[in-house]
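The structures come next, written out as structure tokens.
Next come two complexes, and both contain subunit A; in the first it sits with subunit B, in the second with subunit C.
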Partner chain A sequence: MRGLVALLGREKVLGAREDLLLYEYDGAVDTATPDAVVLPESTADVAALARFCHEHRVPIVPRGAGTGLSGGAIPVEGGVVVSFARMARILEIDVPNLRAVVQPGLINLHLSTAVAPHGLYFVPDPSSQKACTLGGNVAENSGGPHTLAYGVTTNHVTGIEIVLSDGTVLRLGGKAVEDEGYDLVGAFVGSEGTLGLVTEITVKLTPLPEDKRTVMAAFPTMDEASETVSAIIAAGIVPSAIEMMDQLATQAVEASVHAGYPLDAGGILLLEVDGPRDGLDDARARIEKICRDHLASEVRVASGALERERLWAGRKGAFAAMGRLSPDYYVQDGVIPRTRLPDILRLVKDAGVRHRLRVANVFHAGDGNLHPLILFDSRLGPDELERAKAAGLEILTACVEAGGSITGEHGVGMEKNCYMPLQFQPSDLAAMRRLKDAFDPDGLMNPGKIFPTPSRCREFAFASTAR
Partner chain B sequence: MSATVTRAIPADAAECARVLADAARDRRTVRIRGSGTKSYIGDIAPTDIEIGTSRLAGVIDHEPADLTVTVGAGMRVADVAAVLARAGQFLPLDPPHADEATIGGVIAANSNGVWRARYGAVRDLLIGTRIALADGTVARAGGRVVKNVAGYDLDKVLVGSFGTLGVIVEATFKVLPVPAASDGLVARFVRSADAFAAADAVIRGASRVEACVVERSEGPAWRLAVQARGSAPTVKRAVDDARREVAARQGKSNELGDELGQMRELPARAIDGALVRASLPLAASPAFAETAARLESLAALVADAASGVVRVHLLGDDEAVIRDAEALLLAARVVGGSGRIERRAEQLRSRLSTWPTRPNGDFLMRRIKDSFDPAGILEPGRSAFA
Partner chain C sequence: MTATPPLPYPNADAPSQDLIAACVHCGFCLPTCPTYAVLGVEMDSPRGRIRLMKTVWEHRLGADAPGLEDHISKCLDCRACETACPSGVEYGKLVEGARSQIVVARPRSPIERLIRAAAFEWLLPHRRALGTFATLSIAAKRLGMGSLLRATRLGVARRMADLLDLLPAHSTATRSATISARGTRRARVAMLEGCVMGSVFGETNAATARVLARNGVEVIATVDQTCCGALHAHAGERELARDLARRNIAAFEQVTADAVIVNAAGCGAAMKEYGWLLKDDPAWSARASAFAAKVKDATEFLGDLGMSERPGTLHARVTWDDPCHLLHGQKIRDQPRALLSAIPGLEVVPLAEADWCCGSAGTYNVTQPDLARSILERKVANIVRTGADTVVTANPGCLMQIQSGLRQAGHKVRVVHLMDLLDEAYRTG
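Right after this comes the complex of A and B.
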């Protein structure tokens, strides 16, 4: 602690108990208190800090806004939390090259707002985009409703500056789409802070679509809603977003946001097509017809920007709205092939019933990325969270057995590292370990994440069901 | 190095891994061969063993409604396309050597065509692989679903790895439904600046075109080829817009024939002289092309306006070709891009190395290589960082 203050100055280091408490949690359910928190203001600060930690063999845990949903920013093995709150500037908006260069602490939405006057935007739009940072997006390879058609974070990052755990500063990639040699930018995106600290990011900017059509469709049950998703895709339509919500979620949203979703629907789809104006109404009409063919009781097309905003506000505010239903929720992020939606959703429901917990579903249906929100009440005792986790594990096991993944965008973190053997064989994990050892041979970057740890994972001894 | 090459054509991933493990134990070097279409890339020398992937072929899984396909790495891209076409779908990759290239080779060489404007590159479409490794194990990276962040994205490291880390035996890609309509145009310009300005307007426009490529081959004229696919109204709009951008810059539009195919196949034709491939920030392409146009040995230039990947074919006197190639690689670096000598005639091999400079992060690349291939047997001469 004293060494850190001497190195960086008092105003960049937090060590008081009450300050540290603010950094012991993120958007998920696990907590741990850091030994110290550092707020660097430059790459040089980050490099100096890394050298210090390397010398003293102290773990380093990067942190953006702390909205992560897998405990990624939690210092489970102690150490220094590095908050990027003071490295939040846009360094360059390069319109001719369709790139922006930003610091990692920049809030996602601030980037799209800043480049909108140039007719551009940054595609990845996590529902947390008003709070989460670009550094967090890079670390988690975040998605969002509109990544269905236009790709997730990794498809929109061309360059990074990183600091390795020994303090080495390295620039990888740049404004061009690719560099020679191995794609280290691609390897780093999605590495959850375990390979290094990202201190600068070069992202692609995309021309804003000329226009959009947003459709809300209400169905008697989730089955019809699921089948509609498959039918739309089978018809050759590729919407920019297909989001689904069940009745419990709709009720919570309506109570808090008043998005205008019908309360009696068993399942709701929120669909969007965007692009050149020509052809949008054609696509919208085809979508409407498919919805009606699948027994939609209501199909509403947003009449303008205001109504579109309202429909989306409901979706983006859905997690927060869970507070209306329950003091706590545990959200899972499994992915399945789209065609398996109806049976897996039934299984999700059964898992809730079996563990005596309510489950709401709000998710990216177009790419088969589930988000079951398992509601529990920690005031009733530790058993509640245990049951929520047990239900979550059943759901993830089913996702893997269906040929899917335990996480589509929230990351493994410390929440699912013990579940990695569900999806991967020892040889698969060994291959990943080689990447880890190349970047961080001393294992100081964000330890206790992604890879199963013997101490915490002893009780989970499952064989891989991976295909 | 022995004089005779041992050929192995493994029937499955496990057999392939065994061949590799034996080779590693005996320190025998290995080359991996799909159809051999890109054997010109790299500073390659003969190896002790050649592993052919032809038996690692065939469709392993294709559920049309999931918009994914899993195939053996030895399968030809053209054959994958034929299978998908029967389901009304396509793999949105159009690499050069279109008839022969195999899936594994396209991944290993990061081989892209002109469609990346719309659909992205190999790295954007590949969602999973299985690889046979030099320690005799088989590992899986990624998965079979379109979204997946469980663990590291090893697929990215394999794209463009030229077989230096292991043998790709299987791959899963995102696929798309075949669009209903297709149209395009090809335009001629006197000045390169006009051709690039029109191209730039097209890629920034409301329509998302499938390809937008500027070319110069024989004669002083510059050509721009634009293709759009999608629903009929969007295609009409895209082509109308492109025609207007062309006319605004004194270009002459004509109907699109097979020009895009010819442009894409430049690497296949560039047997003599040298072919420089540069990846540039988008806005740097016009000046780079101008520089290339002034070179004594310029034979052809193909610039993908949407990605900033530019290929320049140089022909003529060896000394001029070497001098011009080096000038282009330097020009690419100066503007913040990178480049390589993708292909060169046999007599230039010793004088033009594929990767004359090392990329940033070369020491990390070396560590990765050493951990996957500690004996250093895999694809010698095909590491950009060596």
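Right after this comes the complex of A and C.
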């Protein structure tokens, strides 16, 4: 602690008990208290910190806004949490080349707001985009509703500056899209802070679509809503987003934003098409017809920007509105082939019933990326979280068996690292481990994440086969 | 009988565990928090402060922990986080609850006790004392006391000089009087005079009554009313706040009115929460809730009622700054904007971050002068960027704070209460 203060100055280091207690959580359910928190203001600060931690063999855990949903920012093995809250500047906006260079603490939406006057935006739009940081997006390879048509964070990052665990500063990629050599930028995006600390990011900017059409459709049950999703894709329409919400989720959302989602619907779809104005109304009309053919009780087209914003505010605030239903929630992020939506959703429901917990669903239906929100109340005892995790594991197992994966965009973190062997062979994990060792041979960068750890994964029989 | 562990908080005003449970720590509030914007640490964010309150309930931190007091005190209580919160966390009630416990848990120094007694018990509740104090202070300011105090280079003196800076160049005091409606009577209301409004911005009270009367609203006098107690509640002095609330409820029960009009956003927000303030007092809780339901901000009331008479033309480039306790505390956004747009001739330009606090926040610029200054500078920069010659708002603290910020930065921009501007428009028309 004293060494850190001497190195970086009092203003950049936190060590009081009440301070450390507030860096033990993020947006998810796991907690662990750090030994110190550092607030760097430059790449040089980060490099100095890395050298210090390397010398003293102290783990480093990066943190953006602490909105993550897999425990990525939790110092599960102690050490120093590095908060990027004070490295939040836009360094350059290069309009002709459609690039921006930013610091990792910049809030996702602030980038799009800053480039909007140039008719541009940053595409990946996680639901927490008002609060989450681009550094966090890079770490988790975040998605969002509009990934269906435009891809996830990795498709929009062309360069990064990183600090390795020994303090080495590296610049990978740049403004140009490089093809030669290994795609190291690609390796870093989604590495959850386990390879190094990202201190600067070069991102692609995209021209704002000429226009959009946003449709809200309400169905009697989730089955009709699910079938509609497949029918729309089968018809050759590529919406920029297809989001689904069940009745319980709708209740929380309506109480929060009054977006006008019908409360009696069993399932709701939020669909958007965007691009050149020509053809949008045709696509919208075809979507409307498919919805009605699948027994939609209501199909509403947003009449303007205001109504569109309200509909999206409802969807994007859905997780954050769960406090209206329950003090705690445990969210899963499994991905399945789209056609399996109806039966996996039924399985999700059954898992909730079996474990005596309510489950709300709000998710990226177009991608088959589920988000079952398992509601529990930690005040009633530790058994609540245990049952929620048991239900979550059943759901993830089903996702993998259906040919999907355990995470679509939230990351593995410390929440699902024990479940990695569900999806990967020991040899797969060993290959990933070798990549990690190449960058972080001492295992100081965000330890206890992604890979199963003997201490925490003992109880999972399938996890032991991975080692 | 099994022994129950002692409660971690001193008394029943503690931040409610049920309200805390609504927070799912998603972090949506962080980018809307002015102190988080300046300091960038979790402890000075709404989510962090709620977590601090929770750690006390969990017996992991004492209610007398210095860190708890530090971070809870740095909160502006602007409640921007409430507007941002999808789960509807009632943060204002939580932070006031926490403050009430800190005041009890950690003994105050004799000097702080004296200052608190002077402000909360002697001045604010007593109109004549406050009026005299204001007149003397303004006289001191005009005599150049500010530079004199600054010349001493003492911390305390500098703070007093900053305070003097906030004061307007002159004050007016008025007492409430009955004013009959012009034309057909559309409503009958009582009005809160307010402590600061009544003794420094008396002219604004008179203007509010005239504007209401112009629009067919009869304003009736209410005797025995007092300070609303908002500043007391913000500072954790809940017993004093309850006393004042009871006095006001009793006073306004004496008159028959459709609404109780308040033209200070901070007071209105506090009075709308009298039901919560007195929820544990069986003799008063129902009366308090009934009273609270009648409280309306002047802009809210007139905006909802609709103007029956068109104001006259004014020529100015104006911008609207939302008082936090109007927008975030009372969720009033559209009505003041509509009223402003109803004045012919005005060019109304949008203010970036109009929904951000100016740093006034009750007594904040006294208790946290450095943070208040950073937050004020951000507001002033946004105002200057609009090119407006007039800033319109609706709360005495904001009026004084913004005026002082603009003056110190050397900008000749007028700062005016919306009711004063409307009154001016009616007089020209």
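Going forward, the second predicted complex is superposed on the first by the 461 of 467 C-alpha atoms of A that agree within 3 Å, B and C clash if a C-alpha of one lies under 4 Å from a C-alpha of the other, contacts with A are read in each partner's own complex, and residues count from 1 in each chain.
In this section, a contact is a pair of C-beta atoms (placed from the backbone, for glycine too) under 8 Å apart; a residue touches a chain by one contact, two chains touch by 3 or more.
None of these values were measured; they are calculated from a predicted model.
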Return first, second, both or neither, reflecting whether A:172 touches subunit B, subunit C, both chains, or no partner chain.
-> first
Partner touching more residues of subunit A, subunit B vs subunit C, is chain B
Could you tell me if A:263 is touching subunit B, subunit C, both of them or neither one (first, second, both, neither)?
-> neither
Subunit C touches which residues of subunit A in the complex?
-> 14, 16-19, 21-23, 25-27, 39, 65-67, 83, 85-86, 88, 107, 110, 128, 130-132, 252-253, 255-257, 317-324, 327-329, 377, 379
Give every residue of subunit C touching subunit A within the complex, in rising order.
-> 17, 21-31, 36, 40-43, 47-48, 51-52, 55, 60-61, 65, 67-68, 71, 84-89
Enumerate the contact residues on subunit A facing subunit B in the complex.
-> 94, 96-99, 140-141, 143, 147, 151-152, 154-155, 170-172, 174-187, 189-191, 207, 209-210, 230, 233-236, 238, 275-279, 282-283, 335-339, 364, 367-369, 403-412, 416, 420, 423-425, 427-432, 434-439, 450, 466-467
Along subunit B, where are the residues that touch subunit A in the complex?
-> 63-68, 88, 110, 120-121, 123-124, 131, 133, 137-141, 143-154, 156-157, 159-161, 176-180, 204-208, 230-234, 236-238, 279-284, 307-309, 336-340, 355, 358-362, 364-365, 367-368, 371-372, 383-385
